[in-house]
Every structure is written in C-alpha cells, then in structure tokens.
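What follows is a group of structures, each given as structure tokens.
You will see chain A twice below: alongside chain B first, and alongside chain C after that.
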Partner chain A sequence: MGRFLASFVAILVGLFALELTPPLQVALVAPWTAGLAWLSATLAAAVDPHVLATGKVLRSTTNGFAISIEAGCNGIEAAIVLIAAMLAFRAPWKHRLLGIAAGLAAVQLLNVVRVISLFYLGQWSFAAFEWAHLYLWQALIMLDVLVVWLLWLRALPPQAALAP
Partner chain B sequence: MKATPVAAFALRALLWLAPSFALWYGVAPWHASIAGAFAHVWLAVLAPGLLATVERTGTTLAFVTTLRVPVAGQEGFLVAEAGALVYTYGLALFLALMMAARAPWRRILAGAALLLPFQGWGLALDLLVQVGINLGPGIAAQAGLAGWRREAIALGYQVGSVILPSLAPVIAWAVLCRPFIEGLVPRAGGMQQATTG
Partner chain C sequence: MPDRRLPHRLARIACAGALALALPLPGLAQLLGTASSFAVLGATPNVTNTGATVVSGSVGVWPAASITGFPPGSIVPGSGSLHLGDTIAQQAQTDTTTAYNTLAGLSSAAIAPALGGQVLTPGVYNAGAANLTGTLTLNGPGLYVIQATALTTAAGPGASRVLLLGGASACDLWWQIGSSAAVGTFSAMQGNILALTSITLGTSASLQGRALARNGTVTLDTNAVTACTGGSTPGFLVPALPLALSPPEQTPTLSEWAMVLLAALLAIAGYGAMRRRAKG
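And then the complex of A and B:
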C-alpha cells in the first residue's frame, strides 16, 4: 500500500499544481466552471425560470441571491483525486480510461446536484447554506469519489492488478 | 459487477454521517485547540519565530504573531484569525467511514489522532497565506516570506484547504481498514501487488 499511496500523492500534487497554473486556469478551469454554472442554471430553469448564469455566477432574478462557483466547488479537485487514485492503481489502460470517464461523469453529476441544492438552500437559510457548503457537501463529494473508486476496483478483471 | 457490498457500505457511511457531524460539532471547540497546537508546531518548522501564541474563542483560533503593526498611533503585534471548522470537519467523514466499516474504537481514536497533523497544516497555511499574501508586501517582507516561498505557500494553502480536509480522512480510513477494504473489494490486494510488480 505504501507504493500505491506514494504514487497517488505524487500524481495528485502534480495534477493539482498543474491545475493552479495560469494557462490551465484560463484554458480549462474558467470555461469548465462557467459551463457548470450554465448547466446548473439550465437544469434549474426547467422548474424555475428565474435562474440566470453569468460566467461562474448563478443568480436568482427574483430576489437577487447569487452564488459564485469557486475552486473546491467546481468538481475539478474531486476529479483530480479520482484520476490520481485510478492512475496510481496498477490496472490495464483500457480499464483506467473507462473508469476515469465513467467516474468523472458520476462525480460531476453529483456536483451539479450540489450547486443547484446550494443555490436554493442559500435562498432559504444562509446558515444552512454555510453548513452544507463548507462541510456536508465536501464530505459527500469525497464519499462519492471513494465509492466510485471502490466500484471501479470491483469491476477490474481478476488479473488486472498484476497486468503490466 | 457485484455492487451490493460497496452500496451497503456507502449507505451505512451516509447514515453515520449525521451523528458523526453532530459529534464533531459538539467537540469542535476542544478539537480546534488541539489542531491549533499542531499548527503551532508546523509554524515553528515552516516560519520559525513568526508565531508567539495561539488563542481560541469558540472554534476560532487567533494566531498572535511577532510581526509589528501600527495601531492607532501605537505599535502592536499582528493577530490573524482562522476558523478551525473548515479544516477539522473531516473528522466527521472519518468517523462515518470507520463506523460503516465497523472498525474498533481503538482504531477510530488512532485515526482521529492521525488526522490532527493534516488539520494543523491547513490552519498553519491559513496564517501563512494571510501574512505572506493577503496582507500585502510590507507584512510579507517583515515575515521573511517572499519569492518562491510565497508560491509554495499558495500551493500548500490550496492543498491544505481544498483537498486535505476531506481527503486525509479517506486515506486514514483506507490505511486503518485495509482488511475491510480487501473484503469489500478483493482486487484491492493490487495495492500490495503494485508495490512488488
């Protein structure tokens, strides 16, 4: 487990440092976050026409309440953790790539639920918003990453761990 | 794919989250004191001489530094505050995972102790980012934080505030509950195989 953990931490820190570089922030993080805000607003608009997305900000046109999707809430860090965990585990590349694609979809799906739920929770109670935003959803997203990783491990062929 | 054992574990962890958060919140002020003590140790290593003492009000820690700042025509020491909850909430996730894995209390206590250095790291970097970046170049220069050290602080803070609070509990759980994970996922033996393969 020591070697796995060392590989995991090395890949994690490398990807995280890469994500923080200005070029990647401009080319990937900012458009991704804006896309997340747009998708959240589009889904929420199915039942609430008073939702507007501007860049990374989600706004209610009825009461002016708005949330800005910042680092840690755009799902990129959770994705990095999942990618690092799958790359650090010895498995065939085909299974890694499939796992990463399916895993990222699962994590991002829950993240959209997080954004929309926080948007409405904040309009109801700011204290509840703070609690859910800072503690509860962070734990839930990481639990999601863990469960996806465990499911991926179960889906690997028996010899996968020994494959070159 | 047999997902049932993983799904059952996930459901148990979800159910344990609420009581775990309640327990964490109940002990949070004392927990903050201990995490603050670990932050003190980290700061003694990362920025020797910067911190005089750490005081606590509720779950907020006040870092009393040795940096001098003008206050109403006089000179005082800079005090920076940090909320401990955002760095310690991982204890609740860890408790939920351990209870879902039906781990013995001995291991739960060991894991809770294992998390403290990570929580202290987040708090220590919170102070360093305030002093080295947020409060301007004058304070940063007085603290001796410039150049590459500021970049390192920015990265360390991001890791300590965005990733570690929720990831460290999962790693601690994986280390302490390895037999459980191997029962849940037989392929997890590959974590060992990877070391020799």
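And then the complex of A and C:
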C-alpha cells in the first residue's frame, strides 16, 4: 500500500514536470488547448449564430463578451492526477489503458460543457461567472475524476486473478 | 506536487533583471501615446472591413476619412469609437509615427526570416522579410521587438500563430514592419503591428494587439482585434475574460489546492480499495 502511494506521488510529480517543459507545451498542450477552443466554438456556433470563434477566443457578436481559452483551461492537469493514480495502482495494462482513455474522455467532455456554460454564464452575470469558475466547476471536475476512479477500481478483476 | 508558479516567478525575476540591463527602453510604456486607444488605425485611402469583425478599441483613419464595413463590423461598447479623419485620429497617426521610428532605431540581433519553430526570449530582433508558418514561441516576461521589412503569416486553421509562454505578453510584443503586413486566414496573431504601409488581416484571423498602418490601408475580414492591456505597455479595458492560467492572476480549471485535494481523495479511495481487495 505504501508502494502505491509512493508510486502515485512519483508519477504525479514526473508527469507535471514533463507537462511544464516547453517542447511538450508546444507539441501537445498548446494544440490540445486550441482543439478544445475549436470544439467548444463549433458546438456553440451550431446553436447560436452570434458566436465568433477566432483562435482561442470565443466572442459574442451581440454584446462583445469574450472568453479566452488558455493553457490551464484544458483539463490536462485533472487528467494527469487520474492517470498517475491508474498507473500507480496494481492492475493489468489493458485495464489501465481503458481506464485512462475513459478518464480522458470524461474529463474533456465535461470541460467542453464547462467552457460553453461559462461563456453564456458570463454574458448573464459576471458574479455568477466568477463563482461558477472558481468553485462550482472545480468541484464538478473533481467529482468527475473521482467517479471515474471509483468505477475503474470496481471494474478491476479480483486480486487473485492478477499475476504475482 | 511542484509549485507550478515557481518557474514563472524565477524566470520573471531573472528576466526582469536581465531586461533592465539589456533594454534601456523606459519610454515604451508610453510609446504609443494617444494611439494606445486605437486597435485599428489606417492612413489612406481607407480602413475596410468585411464580415462580423469585432474590435475592442477605437478604429480610425487619417488623413483619409473613409472607414467601410462598420457595420457589420462592430466595436465593443465602451472600448472605443470610430474616428474618420478627425483630430484624434490625426494625433494618433503622429504618435504612431513616433513609435515606429523609435522601434526602427533600436539596435537588434538578426534572426532567420522564417519565424516558425523559433523560440525567442525578450529582446530586439531583426528578421528581414519575415514569414511565419507554424509556431513562433516567445518565452519569458519582457519586451519583444521584431523589426522586419515585411511580414506574412501562413493561411489556414492552425497554420500560423504566436505562442506566449512563461509570462510573455502580447502587450509587450512589437512588430515594426518596413512595408506591409499580411496576416493569413485563421492566424492567431499577437502583438502591436506598426507597418509603414498597409496591414491585411485574412478571414477569421485574430489579433491580440493593434494594427496601426502609417501610410496605407488596414483591411479586415471577420476578425477579432483586441487591443491588449497589462504587460509593460498598459493599454485599456479589454473585455476578453481569460478563463484560466498564465500566472499569477488567472485561475486554471483546477487550482493548486484543488489538485492536491483531488490527489488526496484518489489516494484515499485507492488505499481503501487495496485494503478491501487484500481482505477479499
């Protein structure tokens, strides 16, 4: 059990350090963020013709309100915590890979909902935007990761089935 | 959990010290003068726009007095207004010329004109006939001046952009262009572009900064032009609200404490699961 905790912390620190390196920022984080902006804008524009997406900025053409989707908005940090836990826990690699894929999908889908909801919430009330941004969505993202983690733990085969 | 702000803080301190020694440009903060309130400024024959361009800041032209395409183009309410050949636009053009000449007079280090793939730290650079395909990365807080005889950026979604890392700010990026600048369609451009002749923003290109043309026209097409604020060259209100990061004042998806809490929750749940599995 101590090995799990030690591995978890070590992998977590390693992944965060890796994420902060400029080459990975350029090769992965920035394109990922741009992709999130594009997806959010495409979904919003599908139902609202008054959304203008340029680069990483979503802007309302009716009132000028805009949000800029920056590097930390991409949910990668939340996914890293989940990935580190799954890699540290003793489990078959097939389950680990499936869990990581499911976790990434869950975090990213919820993050798209978060971005779009904040875009419209900000147009309605900046105070509500701030509250949702700082408290509500952080809690929901954490809950999302936790639920994926618990479901993954339940889906693991019995310990007796694992190779020694 | 590493302190994600620490590298930025250290870089900021180090770069600020280096910058103070390397770039004696105390006047840059007020470099633009009255032109700082303009996001778009042209000279002659006009400023033209097509499509639903949104500009945060004033749009002006002088000595000509023709601005077309507003509407459908619009200025974010409260951020500025149209100035067609008036004294305000005239003074802004005078200040733009002063700023342009100041930037052009700085001694610079030569860099390759192909800006894509380069990583620059604060300083004054000369890129010749600059072109941007791919990503130009600016890393670290401080002033960036890029002198060029001309500037073109590749067209197409994701084909060209300027990436700001480690506290680099669009407000602190200055493009001094000896002829014209052409920003390709869908480009994500950053910085204050001061061109001797004209500036063209392709369809759906974005510019976090200013497009100030001394003698020619500024051509817009379904763009978002946002005059920046902050950095070493404070501008004015920018309504674009950053959703996250870029330390220290912004908020990421999960704050540092939230990530610590999340990691602890996962560890506790994992620990409990291991105990159950060991008993079972």
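Structure notes:
What we mean here is this: the second predicted complex is superposed on the first by the 156 of 164 C-alpha atoms of A that agree within 3 Å, B and C clash if a C-alpha of one lies under 4 Å from a C-alpha of the other, contacts with A are read in each partner's own complex, and residues count from 1 in each chain.
One rule holds in what follows: contacts are C-beta pairs under 8 Å (C-beta built on N, C-alpha and C of every residue); 3 or more make two chains touch, one makes a residue touch a chain.
Remember, predicted model here, so these are calculated numbers, not experimental data.
Overlaying the two complexes via chain A brings chain B and chain C into a clash.
When both complexes are overlaid on chain A, the residue A:13 reaches chain B and chain C alike. Of the two partner chains, chain C is the only one touched by A:115; chain B is not.
Look at A:155: by the touch rule set out above, it reaches chain B but stays clear of chain C.
Using the contact criterion defined above for the overlaid structures, shared-chain residue A:146 touches chain B and also reaches chain C. By the touch criterion defined above, A:91 lies against chain B but remains apart from chain C after alignment on the C-alpha atoms of chain A. Legend: residue contacts after superposition of the two complexes on their common chain; A:136 is shown touching chain B, with no touch to chain C. Contact with both chain B and chain C is seen for A:4 once the two complexes are overlaid on the shared chain. In the superposition on chain A, A:77 contacts both chain B and chain C. Once the two complexes are laid over each other on the shared chain, residue contacts for A:30 go to chain C alone; chain B is not touched.
Between chain B and chain C, more residues of chain A are touched by C. Judged by the document's definition of touching, chain A residues 1, 4-5, 12-13, 16-17, 20, 71-72, 77, 81, 88-90, 134, 138, 141-142, 145-146, 150, 153, 156, 158 lie at the interface with chain B and also at the interface with chain C. Residues of chain B touching chain A in their complex: 1-3, 6, 9-10, 13-14, 17, 21, 85-86, 89-90, 92-93, 96-97, 154-155, 158-159, 161-163, 165-167, 169-171, 174-175, 178, 181, 184-185, 187-195, 197. By the touch criterion given at the top, residues 1, 4-5, 8, 12-13, 16-17, 20, 22, 25-26, 30-31, 34, 38, 52, 54-57, 59, 61, 63-75, 77-78, 81-82, 84-85, 88-90, 111, 114-115, 118, 122, 129, 133-134, 137-138, 141-142, 145-146, 149-150, 153, 156, 158-159 of chain A touch chain C in their complex. Across the complex, chain C meets chain A through its residues 1-2, 4, 7, 52, 54, 56, 74, 76-77, 79, 119, 135, 137, 139, 157-158, 161, 163, 165, 186-188, 204-206, 208, 222-224, 226, 239-246, 250-255, 258-259, 261-263, 265-267, 269-271, 273-275, 277-278, 280.
Residues 1-5, 7, 12-13, 16-17, 20, 71-72, 77, 80-81, 88-91, 134-136, 138-143, 145-147, 150-151, 153-156, 158, 160-162, 164 of chain A are the ones that touch chain B when the two sit in their complex.
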